[in-house]
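One chain, chain A, appears in both complexes that follow, with chain B as partner in the first and chain C in the second.
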Partner chain A sequence: MADLRDEDVIAVQRGPKAGVARGTYRAFGETLRGLKTTLARVAEKPLTIQYPEEKTPVFPRFRGRHKLHKFEDSGLEKCVGCSLCAAACPADCIRVVAAENDPEDRVSAGERYAAVYEINMSRCIFCGYCEVACPFDAITMGHDYELSDLNRSDLIFTKEMLLAEPLERTPLRTEDE
Partner chain B sequence: MTLPISVVNLAEPWWVGIIKAIVIFAIGLQLIPIILLLERKLLGRFQGRYGPNRVGVFGLMQPLADIIKLATKEGFRPRTSVAFLFMIAPAISILTAVATLAIVPFGNTVDIFGTEVGLYGIDPSIGILYAFAFGGIAFYGLMLGGWASGSKYSFLGSMRSAAQLISYEISQGLALVGVIMMAGSLSLTEIVEAQSVQGWFIGPQIVGFMIFLIAGFAETNRAPFDLPEADAELVGGYMTEYGGLGFVSYYFAEYLTMIIVSALTVTLFLGGWELPFGWYTPGWAGPFVVLGKTLLIILLFIWVRATLPRLRYDQLMTLGWKILLPLATLNTLVTATLLVTT
Partner chain C sequence: MPRPTEKTITFTIDGREVEAIEGAMLVDAARGGDIEIPVFCYEPKLGAPVGACRMCLVEIEGIPKLQTACSTPVRDGMVVNTGTERVKGAQQSVVEFLLVNHPLDCPVCDKGGECPLQDISFGWGRGNSRFIEPKRHFVKPLALSPLIAIDRERCILCYRGVRFSQEIAEDHQLVLLERGASTFVATFDGHPYVAPFSGNIVELCPVGALTSRAYRFRARPWDIEGSGSICSLCPAQCNVTFTVRDERVLRVLSRDHDGVDDGWLCDKGRFAYQATHSDERLTTPLVRDGEQLRPATWERALAVAAGISRHAGSAAALIGGETSNEEALLLSRLMRDGLDSYDIDSRSGGVLPLELLRSLANPALQATVPDLEFANTVLLLDADPVDDAPILDLRIRKGARRREMQVLVASGRPTALDARAAEAVRHAPGSGANIACALDAALSGDTQRSATLARDGGADPEAVVRLANLLREAGEDIVIVWGERLTDGPSGAAAAQALLRIADQLGLASRDGAGLLELSRGTNGRGLREVGALPNSAPGFGEPQREGRGWNEIATAAAAGQVTALWLLGSDPARDASNGEPWAKALASAGLVIAHASTLSPELGAHANVVFPAEAGAEREGTVTSPDGRIQRLRPAIGHGGQVMPTAAVIAAIADAVGFEPGFSTGSKATEAVAEAVGFYAGLTSDEIGGRGIRWQERDAASALPAGTAGETAAPPAAAASPNGSLRLGTYRSIWASPEVEISPALKFLSRSATVEISPEDAERIGIGNGQRVELGSNGSQLEAVAQLRSDVPEGSIFIESGLTSVGLSATEGELVEVTAK
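Showing the complex of A and B:
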């Protein structure tokens, strides 16, 4: 144990101790000041956000539930099943099984496509690495954060769920907010 | 041999007493959920939030929901507890609180359908002593509850309440001596009547009023003197081991004590059923005036609770013994001197 009696110890500077009269006066005055402070809060509107009815708007770059994208003109999936997202995922919650595209009936724009694309939302940490890793911007992070469910298996989102147009349940923050 | 009951004002027939008891009991107990809700709502607003607003319109059903929840809880007691005392302790707390409610005067004697009825439960000639006697017994409720629980946290909590109650009861009692001397009576109705002649005692007895109020915060175990139930260090104080209805009883008693201390403050210092500025108060308006003033004092209790942090144990004792007690004694001496010389 180090000796504490050296120059590292800083002596606390204290003001002169208040006498009885001064101390009482000070305590009384401070009490009244405190009472005034709390009373002033009553006139103000509460800061509480009434959550299920009222939601905090999220920022545009907020990382919520993932979305998979399609090309708007051809309707083909952007995902080519390269599994880079699964490789980048630190929580190991993405599972991709790729398959060859049939030239007659293409699913994606590339040579291959994701036959199975699953994200286990109960393991996802919403770091956004999948979005960064994706070479085709096929996966992006959405804004939805209300992901609770009664069953763990219901939290494994399949490709169809991720491709579907998500319910916009979360208000987006406007420029000036 | 005259029974002690004979010194109690029994000007009215016996059945009036029973009706009065029921009415006072019913109204007094209806105040508790109202104050509970008021406190939670106001505390919320003091802290910039809403308070309960989910159950019913504006959360008005919240106390009911609380009671239903607590009443349907499983009754249990710790293996180390003393069964009989564990059961009876909350009952003592409630009993003493309700008993004190009886002496709060809500108005003067009024004529109801040809019967002279005093608007108070009983009017003993030793009114203030009665209140203090039951305040002293109330301490057994806390002490036995904490001790019989067989838990160290409950025990520590009850030791703290015991020390606190004893230290503050003395100052509280001494603070009232000035009022008693000025009124020349211990009867609460006579004290109110003396105030209608001499003016409210909050003026000449402002020091006594402050001491009584501060000691009242301590008596009711409320912030900033709520260290018997300091949640952070003692879990819940003497009622740690109580769940369900035992817990309800203690809470109930605590809030009822708060109402009683407020009502006593109103009676002793704020002119009881008299309106301010010498306005004429009709007999039937008395109870409303008393309840209105009581509500104001309760608002003060809530306001103080929202503002002040909890005192440390030694600060509590210092305040009680080194500041309040000498001040109360001085107040008594000065009042006595002035009364004798003038």
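Showing the complex of A and C:
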């Protein structure tokens, strides 16, 4: 400290000390101002939702857990394993490994199908780009947001999980809500 | 032939003054001004442009109509516009026309993501389609061959594949059938397009019409990584890029190198990567347990191999052709300095005197691979590039087609280039040395000696004289391509001397574009010699501390109990040697047989004590030296599969166990050690080699090569046996005779069984027909094979395929065998 030079020292400028009146206002006045907001809410009903028994409805375009789709008539998978969703995904969390269809025992309608289709939900940022990229509307964003799990690897959703009808646990918002 | 000189001119493109090489096509010249002109059919590798697709239309001032930039050479002062409304309109129309019949099924198309048609439609197309009529339809996808799928709906008729087949590979199989909108690519009668180079059309096709069946639907461009390395399956050492996804090689692409492969690959190099992930590949060490080889731990396997210390002084090593320079140096150090054993060889044909090896390595005498294209004349001496180093076949064809290069052939077995040759001399199998000597005599004017030698070698003396005359008038740049088999056996030295004298008489040393080019048997045949994997040479062709036994003597010594341990580094002598029988005996008598292999041949299975799993091409690291002295780097593309360990690490571990410290094992340290050991590689580092390799002859250190002399004149080669009712045996190793081909699912259909090529005359005399089973007999051994009648096989000779596990005939090239119908 001994060799501190003058230009190294910055003096702190303080305001004048508060007087009695100003001190009292500080102690009580400000507190009362805060209490005013609090007391004004006493009469209102609570807004808390009793999650998980009760759930907030989401907008129809809410982007939650993905779904893979099948054609309703033929039961074939819509996904042809083109990997375009994987290319569009900014989080790089989709993995598609394609394979060739056996014409006798088709999986999808095209020449190829997705032998492996995985989405790593722990990385997904729910941007919906995959849905936009898909040329066959094979993948869409669902409404489910309850995706937590105890194990990271369980968050890699496989094709079977994504194809299965998810438990629709999330209520949709109605028009007027 | 002097290479064309280049003159620079200036022209204007889109208002910019740009310099270009005179005569270059506008498409290429425009790149100098950072202007991209879209193309489909233009591919300079295919030769002169054909202007088939019209995608490259541009406006040239002074010419009323739009011109195709791919086939218009640039001239001084030319003014070109590529961005005017007229050009844009034309480009949009061309794209629209191309898409009229195109299915646009990109999501299921294998080209998607790396498709020029996608890119060009996006960049130069209209963006929407006015076409509502039905498109043309074909059955799809169809197999054009077991390796290639064709989708004719996607074809834009750019002619690229057809041009490759007609003008590059010259297999003349692919053609365009029908006319107009119904045109489609096919083979004439619909037979599968099977040819040594067929896979190149997949890489050439600008759309998804020709796709690889092995790569079908495996990955998209954004799923994969490319990793550059070298194909280690033959001496051509083509530059390749391995396509890797999830630590698996999925495809092999060419990594265009003018000085090596000219941008092509053969189908073995392109599809044999599958062996890497084949279930049949060995991936664990095996140790003999009584009668059986059983999987074992590395500790156990290394401990068994370390038992070689008990054989110090009587161990021998055979170094296989695919071994890298580093591995070979490491093993020969361990053998010589750690185990006091000097019996090391990498040449299966016999030992050549050190003096001759030095003379043949003389940088002034060395032709380069591009010389094959620019020479005035190429002479093939007992070599057939299509089997020995396939890609060079295309190089020679290119020279012959585009530059009217003269091709001359003198060989035992008919070659693929015979049809291109101005003169093709046939001699008795195994008598290449006689012809080399006869040619030398004929060149020096000694017609009489030449005639005797030629007759001894089973060749037509007049043809040899004609060959000599053609050579004398062949122009300044002559390249002699000779096969390693020329210097096989007792007459090897005589052949090498004749070769040197021929080179001297033709003045090859004084011309840059002329010289000799040896096609060795093994991928790294040249490198192995240069790092001293020979019984009579130290690294860098130095004087050896002590001379050891060569390949054939090792076999005899092992059978006699003088060599008690055999180390087979990537070599399977029963398979590699033309005469496998003595090796079967040698392996049976040796006390310890250490092998590195990726598949087990019956002989190894029966006799090896420990087998280490060999690395696959894409896993390897190290350097190899190409036939023209280019040192190239193998770089690992994937991690080791199964329990495989780097070969160098295995050798180092064994060295460690026997208490020898070689001072290096893997990585760039090892490359430095090679540079230090081989005088003329001095100072070489991995960085200097880089991705393109470097020819050591072009470095200053080349002067460190000890000068050689021709040595004492060797005795003239013995006369070939006269058939006299039996037939002379010739062997050849086809490009498909390799373990990789046998275990690659895609290539299996090409893997070979024992066949014997026989002339129709002999076949008729013996009474056999094409495809019939025959029995060959010699010295009490028998071999069953299928007869294949081939009209250009000379009467009196037969050729059997070597490099197969099942060949067990006890006879060498040129010996007589009996052929009987079965």
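We take it that the second predicted complex is superposed on the first by the 137 of 177 C-alpha atoms of A that agree within 3 Å, B and C clash if a C-alpha of one lies under 4 Å from a C-alpha of the other, contacts with A are read in each partner's own complex, and residues count from 1 in each chain.
In this section, a contact is a pair of C-beta atoms (placed from the backbone, for glycine too) under 8 Å apart; a residue touches a chain by one contact, two chains touch by 3 or more.
Small disclaimer: the values here were computed from a predicted structure and weren't measured.
A.B. asks: Figure out whether A:Asp137 sits in contact with chain B (first) or chain C (second), or with both, or with neither.
C.D. replies: neither
A.B. asks: Please indicate which partner A:Leu84 is in contact with in the superposed arrangement: first for chain B, second for chain C, both, or neither.
C.D. replies: After superposing on A, A:Leu84 lies in contact with chain C but is clear of chain B.
A.B. asks: Quick check for you: in the superposed arrangement, does A:Leu39 touch first (chain B), second (chain C), both or neither?
C.D. replies: In the superposed model, A:Leu39 contacts chain B only, not chain C.
A.B. asks: Have a look at where A:Asp149 lands relative to chain B and chain C in the superposition and call it first, second, both or neither.
C.D. replies: It touches nothing on chain B or chain C.
A.B. asks: Per the contact definition in the header, classify A:Thr48: touching chain B only (first), chain C only (second), both, or neither.
C.D. replies: A:Thr48 sits against chain B, while chain C stays out of touch.
A.B. asks: Pick one for A:Ala98: touches chain B only (first), chain C only (second), both, or neither.
C.D. replies: second
A.B. asks: Taking the two structures together, which residues of chain A meet both chain B and chain C?
C.D. replies: The overlap between the chain B and chain C interfaces on chain A is empty, containing no residue.
A.B. asks: Which residues, counting only chain A, touch chain B once they are in their complex?
C.D. replies: Those residues of chain A that touch chain B are 24, 31, 34-35, 37-39, 41-42, 44, 46-48, 50.
A.B. asks: Report the residues of chain B in contact with chain A in the complex, numbered from low to high.
C.D. replies: My answer: residues 42, 44-50, 303-304, 306-308, 323.
A.B. asks: Provide the residue numbers of chain A that touch chain C in the complex, in ascending order.
C.D. replies: Spelled out, the residues of chain A in touch with chain C are 80-84, 86-87, 96-100, 110-112, 135-136.
A.B. asks: List the residues on chain C that touch chain A in their complex, please.
C.D. replies: The contact residues of chain C facing chain A are 105-108, 112-113, 141, 216-220, 222-223.
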